[in-house]
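Letters A, B, C, D, E and F mark the chains in the order given here, with residues in each chain numbered from 1 onward.
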Amino acid sequence: MKLSARNILPGKVVAVTRGVTTSHVKIEIATGYVVTASITNEAVDALGLAIGKPATAIIKSSDVIVGVD
Amino acid sequence: MKLSARNILPGKVVAVTRGVTTSHVKIEIATGYVVTASITNEAVDALGLAIGKPATAIIKSSDVIVGVD
Amino acid sequence: MKLSARNILPGKVVAVTRGVTTSHVKIEIATGYVVTASITNEAVDALGLAIGKPATAIIKSSDVIVGVD
Amino acid sequence: MKLSARNILPGKVVAVTRGVTTSHVKIEIATGYVVTASITNEAVDALGLAIGKPATAIIKSSDVIVGVD
Amino acid sequence: MKLSARNILPGKVVAVTRGVTTSHVKIEIATGYVVTASITNEAVDALGLAIGKPATAIIKSSDVIVGVD
Amino acid sequence: MKLSARNILPGKVVAVTRGVTTSHVKIEIATGYVVTASITNEAVDALGLAIGKPATAIIKSSDVIVGVD
């Protein structure tokens, strides 16, 4: 499936922290570049997310803030 | 300023496409890794964003979707 | 690709309104149910979105507000 | 109240899963169409959300991603 | 309608800047406090937004980032 | 750091409610004006958020919905 989201960053799961309803998943998209996603436990289970598995971080352009020093 | 957003990706502006109210800004965060942000023209001007300038892409974890093949 | 987003609503494009940088795309997900998406023109082109084409509206659970009368 | 959000999908609550701070609420907007919302427990209580109660899923157009196969 | 969104800030429209598809609306919620919203032109028209009219800024808690100096 | 987000509301933390993975933080931005943020526990710890500490609520314009009565 092709997505309208302009930011599609493939990588590998390096951490899954599970709460009662919400999990935080960390995906290493390049050496030293880790993206954190906050998703439902239901999604973690449906996707079989676990450390070491390939996964892609997907981000809509309208959700990106820009900062300058 | 420290931010609660867990994804702070510093890089360099490689493109600015300006609409009437909304601009699309592309930030290269590593060689071959470009993040697109959709922001207000007002912000582009306030931050002085232009090709070649340093800029950081900031993304809240709750805005990251995870995909698996 | 399987997505963590819990709301995956397949349908058909019924309108595309194009601005200078941003387009509004309407997808009919069932008779009388139309979902509007605001996406980049770049995405409209990359996905070849046009009236009558199949398309899916994808929404993260954390982006859904609940209202009661 | 009229809302700028272009996606207003009325339905009925079919599930409420409660975590320590965050709940997941499922709203059936049509037969076989269920939308999941991740909201604060505080909101669940303030709105009196419970299975069988009418509720509306509200989604801003800029939060909708489009996918095509 | 009661909303799950925890941030409901009533005020008055002080500016509407219209693009081809997207408008930026500024709402003064208290003296010196102005909130900017990026919404569809379709919504501006449907709500009859114009300078001086009462309007409410509505923000989901999961869309608020926290910063500290 | 200057941010593209158009809504930067400085204030003081008045409540922190901690879940297993996600916390809700309330920031009073003016007398009687409290903004609620849903953020990761990891961020609460990294920023040292606690009642009475100064903190700023940051909101992207594309995350603001407008309502009218």
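Convention: contacts are C-beta pairs under 8 Å (C-beta built on N, C-alpha and C of every residue); 3 or more make two chains touch, one makes a residue touch a chain.
All figures in this text were calculated on a predicted structure; none of them were measured in a lab.
Contact with both chain C and chain F is made by A, B, D, E. Comparing B-F with the candidates B-C, C-E or D-E, the pair whose contacts agree for more than half of the residue-numbered pairs is D-E. More C-beta pairs in contact connect the chains of E-F than those of the other pair, out of E-F and A-D. Rounded to whole angstrom, the centroid-to-centroid distance between chain B and chain D, based on C-alpha atoms, equals 29 Å. One finds 21 Å separating the Cα centroids of chain A and chain C. In whole angstrom, the spacing between the mean C-alpha positions of chain A and chain B is 17.
The mean-CA centres of chain D and chain F are about 22 angstrom from one another, to the nearest whole unit. Contacts with at least two other chains are made by residues 1-6, 19-20, 22, 24, 36-40, 42-43, 47, 56, 58, 60-63, 65-69 of chain C. On the chain F side of its complex with chain B, the touching residues are 1-6, 37-40, 42-44, 46-47, 56, 58, 60-62.
By the touch rule above, chain E contacts chain B in their complex via residues 17-20, 22-24, 36, 38, 62-63, 65-69. If you check the complex, the residues on chain C that touch chain D are 5-9, 24-25, 27, 29-30, 33, 35-39, 43, 47-49, 53-69.
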